[in-house]
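Quick one: this structure, given as structure tokens, is what I'll be asking you about.
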Amino acid sequence: MKQHDTLILTASCESRLGTVDAVTGYLYEQQCYVADMQTFDDARAGYFFIRVEFRRPEQGEFNEAAFRDGFAVRAQKYAMDWELSERSHRPNVVIMVSKFDHCLNDLLYRYRTGQLAIEIPAIISNHPDLQRLADWHHIPYYHLPITPDTKAEQEAQLWRIVQESNAELVVLARYMQVLSPDLCNKLAGRAINIHHSLLPGFKGAQPYHQAYAKGVKLVGATAHYINNELDEGPIITQGVQAVDHSHYPEELVAKGRDIECVTLARAIQYHIEKRVFMYRGKTVVLGS
Amino acid sequence: MKQHDTLILTASCESRLGTVDAVTGYLYEQQCYVADMQTFDDARAGYFFIRVEFRRPEQGEFNEAAFRDGFAVRAQKYAMDWELSERSHRPNVVIMVSKFDHCLNDLLYRYRTGQLAIEIPAIISNHPDLQRLADWHHIPYYHLPITPDTKAEQEAQLWRIVQESNAELVVLARYMQVLSPDLCNKLAGRAINIHHSLLPGFKGAQPYHQAYAKGVKLVGATAHYINNELDEGPIITQGVQAVDHSHYPEELVAKGRDIECVTLARAIQYHIEKRVFMYRGKTVVLGS
Amino acid sequence: MKQHDTLILTASCESRLGTVDAVTGYLYEQQCYVADMQTFDDARAGYFFIRVEFRRPEQGEFNEAAFRDGFAVRAQKYAMDWELSERSHRPNVVIMVSKFDHCLNDLLYRYRTGQLAIEIPAIISNHPDLQRLADWHHIPYYHLPITPDTKAEQEAQLWRIVQESNAELVVLARYMQVLSPDLCNKLAGRAINIHHSLLPGFKGAQPYHQAYAKGVKLVGATAHYINNELDEGPIITQGVQAVDHSHYPEELVAKGRDIECVTLARAIQYHIEKRVFMYRGKTVVLGS
Amino acid sequence: MKQHDTLILTASCESRLGTVDAVTGYLYEQQCYVADMQTFDDARAGYFFIRVEFRRPEQGEFNEAAFRDGFAVRAQKYAMDWELSERSHRPNVVIMVSKFDHCLNDLLYRYRTGQLAIEIPAIISNHPDLQRLADWHHIPYYHLPITPDTKAEQEAQLWRIVQESNAELVVLARYMQVLSPDLCNKLAGRAINIHHSLLPGFKGAQPYHQAYAKGVKLVGATAHYINNELDEGPIITQGVQAVDHSHYPEELVAKGRDIECVTLARAIQYHIEKRVFMYRGKTVVLGS
């Protein structure tokens, strides 16, 4: 019921009287049934966000192109950014990894069992280690080694694969390389990284070692869109794990794995369900 | 901004095309600005719920009576149950206690500091112990002792106070008496109890002792509307606390206090913000 | 450092003056270094528990048999139940599953990556579905179908595999069959089940459906030793997950998977690290 | 049982064979019953920590001075730092506040009900606002206003009160002044501050506003010993609270209050139960 014949409409614009009605009035006019809806109105910034899941009319044919044309007129009045997609659409997601496989393994399990409604046209790694895992899931594995000298070239290859895969999303599932500003720009808004700390604490390399040195009693993971500043992109979701003095860095690494996996998977879920709006360096996540 | 001149409209009815538009279309027509909105459509039961916070028109006068009349026509079409209230309304809440004071103390603090936007016209107890705490907050304290013989009479007094206080809500903040079916009926939908277990586990008396006997590794608290069956009413919210083998019953009692306080306060907050819909022995809580 | 040459000594007995010294004094006498130690003294029941990780003497040879003989004398004085094992010992664990694979997949990942220091000599299932997953990990998969008529015979086969595998532990990783009292007895203290509810709430079949019907706001998972009463065995650890009205039973099922996996893995970890003492229908878990 | 006639012995020293036996052997020799014990051996730093709760001998008289003398000899052999105290000892705790009263209110409740086994000889504030709350609990309230010019003098007065109160602990319960390095030094190891962020994230002023600007999805609180660097002292415990895009700074402030209270109270509990060892800029917390 929830997915069959269901579409998702998201929109955002400056706050003005009538934005909600522009969406809901149109849906009613088109005889579309609203199955789920959330709004957020940022009273500080004067910005409005809406996400609606709706079902096509039960009778008659639904002409999506005509629906779009009709909505575009309404949206234009409010200068809305908007997007329409099928609930059942399975976006292509390219996964990037290095040697750590826990996030990859978790994502592949969710992919294989349908918990994550995605296609994975490619796994890209700067190491050969995780080839066998990819093979078992029948997913092409691209080993693109990287050195300081070959970084530009490697990123070019990487970008080509992303494009040829029609990837709507790139997931850095513990990919241990810093992307160039150019590639960050190209991937803006459609690349999610998992960082193994509660950002903004412990940016950069070896956050568990930093956490150990500092003696914190909670560690965590942060899933965020990448941008040009390392570990500074808009945060989508965060997870947390209690620790204590007895955890050496290696044990923090081990302790943190589960929360990294769950946090990254949740961020991807939010993204593909069109719940996440990037906005002023932050995110609005509707209906999470 | 959030509270000033803001109203809350809630409605529920059988699922039908047009229910959303009946609300949002009307608000737009009345030039009311939608500040916050959530819906839930129960696809199994075919039932629809909506909660909207909206602001009066910035220009012109807002005639609430006329607004109500106008909406009533639309609501009738869908046989909606609906309610309109001011965001800034502070409902009268009668608190009932016995001897344990942690929940009362917590509620009084939130009341005193404005975190809970309520008035407390009366505190009722079957014991005299908490009089001084009430006095300090300048709240009338009614000591209504109870024995098997006087239960009916005591409940009659209690009910009179609730009525004379114009109480919109009664909170059983660790009131250690079982209410009669008659009183339960009278209070249906407007009396919240805190039970110190993760219901449906450990109903009835001494849940922490039951938890100790069972050796559970998590204890918790459940805030629920009361109904005719002990500890069976619709659950509003629950909280949880990790424990271990070293906690004897008295220590579970101590450990559980914080989570009881927080859970009860949260339930009251949801209720007075009109987020909770009772429905089929359960609750829908919008925008929590 | 933590595992190399490290042994684990656990003991329990009635509370008496001298029990701690019986252990620590002996370790010192044997020039063994105490690396980690916890005790619990149940003041209600008058029972004492201790777990020590210690390192062999740095100089000289360590004769484990002689160590055992020496300790046995001391332990006898207090009628201690005790056990000595290598920290690096990898016990044989037989995993039983039906069709749901999330716990199995998770355990196999932790096994494959060394996070769970176990060997898995056999996976037993009443369905053929998870053969391929077992194959990929090079683990023998025994498909033992079961019908009311063949239950006794199936359990006999199952028991044979457990014995031939020298299994120290049997894990019911969502095995959807009730074991016979006889098999429960045979497996007493060495079979861990994961039940997908916060026991004692929602025992028996379809706990997520029960949770949906009840409208709880928290679901969870309970890892416990099996005993003769269904879902009544001593609880090792529990996990919890917040849910709301929008989660239908299927979604509770999906939501609960992660917490089931993590909770079961944690219980196994505690068990193999010799942290868990079964006692009066409950558990003491030291140093968790 | 737990508190009556129970003492707490804590000790730490460089890791060496025999440290455990030095403690447990002596307790046995003195016919003292070990009721609770934890150790931690920091394998990286080569440092050992132990905390024992024990009961005096049931027969005969217990001479504490003699006990101390006897233990001092053993402790000296290992160059142990050690401390002996009564379980039932209620230390004097001076509380410092500014205008925010939630932590103070919470601590006073726990004090009044015996949940926190402390005496509060003085409440010190740079503002007069919380006098009435102190009065109700019959606790002397010292209003010590502060300006840039009078800071040194104010701190001198403050220090005098701390000394005259025989305060074993000073709690900065949202005291919104930075202490001078000199006062920090004087209070080293016996002053606990609550900072309303998950340190090391969001040090300094207005952490909730910083959290809002950054768009984090979790906020929290950190209880730590103060030292000379602002918000950098050894962390005792931390708490966390989920938030989302809809929380403006004022709402984060409101959301965070409960977790601040609970986190601070827990840190004080650990401290007065002698569970916390400061060590290399971090803490070891035994048996928490």
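All chains are identified by letter, namely A, B, C and D, in their written order; residue positions are counted from 1 within each chain.
One rule holds in what follows: contacts are C-beta pairs under 8 Å (C-beta built on N, C-alpha and C of every residue); 3 or more make two chains touch, one makes a residue touch a chain.
This structure is a prediction, so every number in the text was calculated from the model and none was measured.
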> Across the interfaces C-D and A-D, which one involves more C-beta pairs in contact?
Replying inline: A-D
> Looking at B-D, B-C or A-B, which pair matches A-C on over half of its contact pairs by residue number?
Replying inline: B-D
>> Between chain C and chain D, what distance separates the C-alpha centroids? Give it in angstrom.
In response: 36
> Just curious, how far off is chain D from chain A if you go by their C-alpha centres, in Å?
Replying inline: 41
>> Give the residues of chain C touching no fewer than two other chains, as numbers and ranges.
In response: 36, 40, 43, 246
> chain D touches which residues of chain C in the complex?
Replying inline: 1-2, 17-21, 24-25, 27-28, 31, 33-41, 43
> Hey, which residues of chain A end up touching chain C in the complex?
Replying inline: 36, 101-102, 105-106, 109, 113, 115, 136, 246, 254, 257-258, 262
> Which of the residues in chain C end up touching chain B in this complex?
Replying inline: 40, 42-44, 198-202, 214-218, 220, 234-238, 240, 244-246, 248, 281-285, 288
